[in-house]
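What follows is a set of structures for review.
Each of the next two complexes has chain A plus one more chain, namely chain B in the first and chain C in the second.
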Partner chain A sequence: MLFRFRYLLLCFFVASAAMVFAQQSYVDEAAEMIESSLNSTEILIRVCTVLLILFTVFFIGFFITLMIARSTHRYDEQYEKNIKEKFELLLTGVIFNDDAEMQTDEWKASRKRVVKHFKKRYLHKRINKKYLREHIILLHKNFIGSAADVLRNLYIELKLDRQAIKELNSPDWGIQANAVKELAQLNITKATEKIKNRTQHENQILRLEAQVASIRLDKKDPFSFLDKNRNYLTEWHQVNLAHIIDQINRDLLPDFSRWFVSPNPTVVEFCIKMTLQYDQFASIPALSQLLYHKNQHVVGEAAKALGEFGVTEAQSDMLYVYRDAITPVKLQLLKAIGKCGNNEILPFLIQQLLQNDINIAMEAANSLKKLGEEGIAILEKQTLSNLYGVGDICKHVLDERI
Partner chain B sequence: MARILIIEDEDLVRKALEFRLKKDGHQVTPCMDGRQGILTLETQTFDLIITDLMLPYNNGLEVVNRSKEIHKETPVIVLSNIGLEHVVMDAFNLGADDYMTKPFSPNELSVRVKRLIK
Partner chain C sequence: MTVHHFIEYLNAAIFFYAITVSLSYVVLAVLSARALHIYLRKNKFIDHNVTLTSPYAPSVSLIAPAYNEERTIVENIRSLLSIHYNAFEVIIVNDGSKDATMQTMIDAYNLEKVDFFVNAQIKCKTIKGVYKSTNKAYKKLVIVDKENGGKADALNAGINISQYDLITCIDVDCIIEQDAILKMVKPFMEEREHVIATGGVIRIANSCDIEDGRLLTARVPDSIIPRFQVIEYLRAFLLGRMAWSKLNGLLLISGALGFFDKKIVIACGGYNHNTVGEDMELVVRMRCYMSDHKRKYKVVYIPDPLCWTEAPGDTKILGRQRNRWMRGTMETLWMHKKLFFNPKYGLLGMLSYPFWMFFEWLAPIIEFLGLLYFIFLVIMGYSNWYFFLILFATVYFFAITISILSLVFEEYSYRQYNKHRDILKLVATLMLEPLIYHPRTVWWGLKGNFDKFKGKQAWGDMTRAGFQKKVIKS
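Moving on, here comes the complex of A and B:
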C-alpha cells in the first residue's frame, strides 16, 4: 500500500515536471526545428522520426519508473528488515525470562518502560503493527506456558487485537480468514460472536477457519454451527474439524447424535465419525436408525460405526437394508457384519460369496473368516468349489501369508 | 557454560531459543538448515545439540544420525511439531536423547538442557 502511494506520488511529480519543462521556450524551439526538418523530408522518413522520438521518450520514462520502483522496493525491504529486528529484540527480551524473575517489581517496571517506548516509537504505523502481529503469532504457535501467556498479554496490551477485529470486516475473505485464525490462536474471546457469524460464509476457507475458531473460543456451545450448516463438508474440512476437536477437553464434547437429524448428510456423516472416535455408546440406538437414512453414504458410515461398536442387534437391520443398497455401501455392510455378526448370518454370507461380483464375494469371504471357526470351515469347503473364482477367493482369504 | 548447537529453520524461533540459552549462560551456535548443521557438527565439538525435525536439505533424523556417528556421547534434543509415535520412535532409535513436541515451554527446554549437560 505504502509502495503504491509513493509510486503514484513520484509519477505525479514526473508528469508535473514534464509539463513545466514543456512550457519553456527552448523546448518550443526544438519542436520548431523538428517540425521544419519533418516538413522538408519524405513522408516515410517523417513517420520513422516521429516513431523514434516516441519510443525514446517511452523508454526513458520506463527506465525512470523502473529505477524509482526498484529503489522504493529496496527501501521498503530494508525498512521491514530493520523493524523486524527491533521487534525480535522486544519479544525475546520480554518473554524469555524465568517465572520468578518475571514476578519482580524491577522486571515489571522495565517491561512497562520498554513496551511504552515501542508503542510510542513504532506502533503508530499500521504496517509495523502488522509485522509485530506476525511475530507474536509465530512465537505463540511454537511456545506454551508462561512465554505464551506473556505474548498474549503483550498482544492485548498493545491493542493489536483491535486491528485484527477490524479486519474481520474487510471485503477480502483472505484478510478475514487470517484475522479469524489469529484471534483463535491468541484466544481472544471477545471476538467470538463476530467469528461465529462467519461460520456459514460462502467462502469455504473462511468458513472452515471460523468453524475451527468457534470450537476453540466458544465456551457455551462451540458446535452450534453444525445446527445450521447447509454446506457440503468435504473430507478435508472434516479432517480439520476433527483435528481441532482432538485438542479440546473431552468433557466439553457434545453428544454428536444431536446432529443425526441434520438435513445435511455430510454433517450426519461427520457426526457418526465423531461418535465412533469418542466412543459415544449412548448413540447406538440412533445409529441403528441411520441404517434407514435416505442417503446411502450415511447408511454406509452408520454400518461402519455399528460394526466397530460390535452391535450384534443391528445385524437384522443391516440385512434388511442390504438388498437396496448401492455396491460400495453393500461392501461396508458386509464388512460391518463380519465385525458384529453371529452365526445366524452365515447362510447370507455364503449366498454373497457365490455372487458374480468379485468385490462382494471377497468381502463376504473376509467376513466369514472374521466370524470364526464355522466361517473358516465354510471357506475351506468352498476352496473346492467349481464356481468361477470362488475357490481362489477362499484360498486367498485363508492364506495366512497375505 | 556449555557449547550448544541449535539447528532450526524458523528464524524467529531460532533467535528466541538462542536468546534464552545465552541467558542461561551457554555458548550457542545457530544453524538454519540440516546441511549447515551437519557441516558445523563435523568441524566443531558441542556439549549438546538441539535440532528441529523438519529442516531444509537434511532433515533432523539425518542430523541425529550423523551426530551419533561423529560424537556418540553428545546428547541430542529433537524438537518437532509431529508427535506421531513412529516419528518419535525413529528419533529415539537413531540415538536422540530427548524429544519435545511443539509448542513447548522454553522453561521446560531450559530444564531439560541442564539435565542433559550434567
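Moving on, here comes the complex of A and C:
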C-alpha cells in the first residue's frame, strides 16, 4: 500500500515539475530567485572555504598522526621486544639455579650484581620499569616454588613494590587496578588493608581486582568483602572469584553457608555454588532452607546444589516449592529431583511428563531416565503414547547417541 | 506556493539534510572514540581463559546454515569444532542442498540419524532428520537435514534444535576467530541489565593468509573493490556501530556473526522468512518486544575483529549484495513503521529508527535527486561553478577525513594491517572512494529501492571466489 502511495507521490511531483516548467513565467521567476540566491551565496562560500581549510587540515593531521602512530608503535614494539629479551636473559640467569646453589655466597654475590646492574642500567627509565614489572609478572604467573620466590624477592629488592603501592593512591582506577593486580600476583601483603578498602569500589574492574587480591593476600579473613557486599555480583564477577578461589589453599576456605543470609541474593547464589564446588556437606541443612528463599534464582541454585549432593530428604521440599516456582526454576527442580529423588517421586514425574509444556515434559523425562530402571521402564512404555510429543520426547531421551 | 518558495524550501531542506548527516557522523565519531577507549581500557584486565576453564560459563549453540557447500563443508565444520570454548554445540543446518553436502557430511563425520525430538517453537520447513556422529570426538556436532526454505528458515530450524540458552548464528563460510565465543559471551555474563544480543566486527578476508580455516595474516586486499569495502567496514564498525552500542541504539547485528538470547528470539517468533534483511529485522523485533514488555535490555557490540568474510570481488556481485541490503533495510523499516518518532520506544523510536530511515534508506534517493537538481541548474545556466567547486571540495574533504579517522581508530586499537605500505594503500583507497566507489553504492541503493517497489524478493546469486573456489546460492 505504502509503495503504491509513494508511486503516486512520485508521479505527482513529476507532473507538478512538468507543469511548472511548461509555464515560462514560472521559469523566469525561478531564474530570478536563483540569481538572487546566488548573490547571497557569498557568505556560504566563505563558510565553505573555512570548512574546507579545516577539513584539509584535519585530514593532513590525521594522516600524519596515522603515520607517526604506526612508526611509534613499531618502534615501541621493537624496543619492548629488545628490552624484554635482555630482561629475560638476566632473569633466567637468576631463576634457573638449583636450590643448593642458591645458598652459596657466589650465587648471592652474582645476584647482587644482577640487581645492581638492573638498577643502574635500566631502571632509570620509567618505560623500562614498566616493561620489567610486566615481565616479572608474566614469568611469575608461569612459575611456582623457588623460581617464583626468586622473582618475588627480586621485585622487592628492585623496589618495584613501592611503586605499585604508591600507584594505589592514583586517582585513575586503571592504574590502581593494575597495581592491585600486580601486588596480588606477587603475594605482597604490605598494602593488603589499602587494597581491601577498594573491595567495594564503585568501579567494577577495580572492585573485582581488589576482591581477587583480598582472597590471595588476606590470610585472616579473605572473604570479609562478602559481608558488606551490596553490589550485584555479575556472572562474570562470580566466574573470576571462583577461578581465584580454585587457586588458594583449601584450608583457607570459609564455610560459605555463612553468607546464605546475605541480603544480596547474588552473594547467596555465589556461595551456594562454592558450597557445592568444595563439597561442604555440613551446609546441606542450610541449603535446604534456601529452597524457601524469596529470590527465585537462589531457589534454583539451591535446588541444583541439593540435586548434585544427592539429598533425597530435600525431595519433599522441592515438590512443595515446585508449585509456585517460575518455569526456569521448575526445570532446575526437575533436574535436581532426577539426581536426588527416589521412586516415590515417579508419579509426580509422570504427571509432569504428560502435561502440555514441552520443556517441562523433556526435563521430567530426563529425570525419569536418571532415576534408573523403573523410570526407564515408564519412558519405554510412554514411547507409544498418543499424547502430543510425549512418545517422541521419550524416544529422544532414551536415545543414547543424543 | 510559488516556484520561488518551492526552490527556496528545497535548497533549505537539502542544506539542512546535509548538515544533519555531517553532524551525525561527527557525533558518532566522538561517541565511538570514547566507547572504544573505555572498552580497550577495561579489556586490559580481562582474561578470557577464566571463562574457558570455568564450569559456570554459559553453554552456547552455534547455528550455521549450509546450502550447496559440498566442497568446503567438511573443513568449515572442523574449523567450527575447534573454536576455543568449553560448553558448546555446533548445529549445521543443511537447507535442502541440491549437491552432495549432506552425504559429504555423513561420510566425513560418521553420522547416523537419531530419534531427536524437535521442539518446534518457531515455524520452519519440514525437518527430514537430525544426525549425530557415532564418533565421540564429534559429540558436539548436530546435523539437521531439512527442506529448502532459505537462510532465515534454516536458522529457525537450528534454533528449534538447539539445547542451550545462548545461540549464535553464523555464516558457515566465514572464518571465526578462535576466541570469538569467549569474547561474545562476556557481555551476557557481565552486564547487570538483560543483554539480548551481541555482535562483533566483521572484517574482509580477501588476500589474507588463511590455513585450515584459520586466519594467519591479515592483508589489505589486492584488488580495489574489496579494498573499498575494507574502508567501508572499518568506518561502519569502528565509527558507527561502536557509537550506537554506546547509546544502546544498535539496530543491526551482522548475519555473519551474532549472539542472541534464545528465549527472547523464540518469544519474538525467530527469524522472519519474508525479508531479505532477516538479521536486522530480528534485532529490531527483539528490541520492540523488550520495549513492549517494558523490560530493560541491552544490545551490545564488541569492537574486536571476530569474524572474517570474503567480500564480493566484482561490482556485479557487490551490486547484488547492496541491492539486497537496501531492500532488507526498507522491509525492516516498513515492518516496524510504528517506531517512527514514537516516544514509547525511547531512543529506538526517536533516534535509531529515524536515523536509519533518513540516512540509510533515503540517503541514496536524496543524493540522486540532488544530482538531478544540480544537472538542472547546469542546463539552465544557473550554476555557480566557483561555489560548486568549493562546496564539492568541502564535502570531499569531510568524507575522507571521516574515513581516515576510522583508520586512526584502527591504528590505536587492533592494528590488523601492520605495514606502512598497507596504511598508504588504504589512505589512497579512501581518497578515491568518494569519487569512484560511493557513486556506485548510491546507484545500487537506488536500484534496491526500485527493485523493492517492483516487488523483488530474491536474494540473488552470490558467486564467491572463495578461500577455496565455491558457489553459494540462496
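The rule is simple: the second predicted complex is superposed on the first by the 286 of 402 C-alpha atoms of A that agree within 3 Å, B and C clash if a C-alpha of one lies under 4 Å from a C-alpha of the other, contacts with A are read in each partner's own complex, and residues count from 1 in each chain.
Everything that follows uses one rule, which is that a contact is a pair of C-beta atoms (placed from the backbone, for glycine too) under 8 Å apart; a residue touches a chain by one contact, two chains touch by 3 or more.
The shown structure was predicted, so the numbers you read here are calculated from the model rather than taken from an experiment.
Asks: For A:Phe59, select first, second, both or neither according to whether it touches chain B, chain C, the two together, or no partner.
Replies: second
Asks: In the superposed arrangement, which partner chain does A:Leu51 touch: chain B (first), chain C (second), both, or neither?
Replies: second
Asks: On chain A, which partner touches more residues: chain B or chain C?
Replies: C
Asks: Touch check for A:His243: first (chain B), second (chain C), both, or neither?
Replies: second
Asks: For A:Lys141, select first, second, both or neither according to whether it touches chain B, chain C, the two together, or no partner.
Replies: first
Asks: Between chain B (first) and chain C (second), which does A:Ser224 come into contact with in this model arrangement: first, second, both, or neither?
Replies: In the superposition, A:Ser224 contacts neither chain B nor chain C.
Asks: Contacts for A:His73 in the overlay, against chain B (first) and chain C (second): which applies, first, second, both or neither?
Replies: second
Asks: Report for A:Gln200: first if it touches chain B alone, second if chain C alone, otherwise both or neither.
Replies: neither
Asks: By the touch definition above, which chain A residues appear in both interfaces, chain B in one complex and chain C in the other?
Replies: Comparing the two interfaces on chain A, one with chain B and one with chain C, no residues are shared.
Asks: Along chain A, where are the residues that touch chain C in the complex?
Replies: For chain A paired with chain C, touching residues are 2-3, 6-7, 20, 26-27, 29-35, 37-38, 41, 44-45, 48-49, 51-52, 55-56, 58-59, 62-63, 65-67, 69-71, 73, 174, 177-178, 181, 205, 208-209, 232, 234-240, 242-243, 273, 277, 358-359, 362, 389, 392-393, 395-396, 398-399, 401-402.
Asks: Please give the residue numbers of chain B that touch chain A in the complex, ascending.
Replies: 10, 12-13, 15-16, 19-20, 23, 102-108
Asks: Using the touch definition up top, name the residues of chain A that touch chain B in the complex.
Replies: 88, 91-93, 95-99, 135, 138-148
Asks: Contact residues on chain C for chain A in the complex?
Replies: Residues 2-4, 6-8, 11, 41-42, 44-45, 50-51, 53-58, 112, 114-117, 119, 121, 132, 134, 186, 188-192, 334, 337, 377, 380, 382, 384, 386-387, 390-391, 393-394, 397-398, 400-401, 404-405, 407-408, 411-412, 415, 420, 423, 427, 452-453 of chain C touch chain A in their complex.
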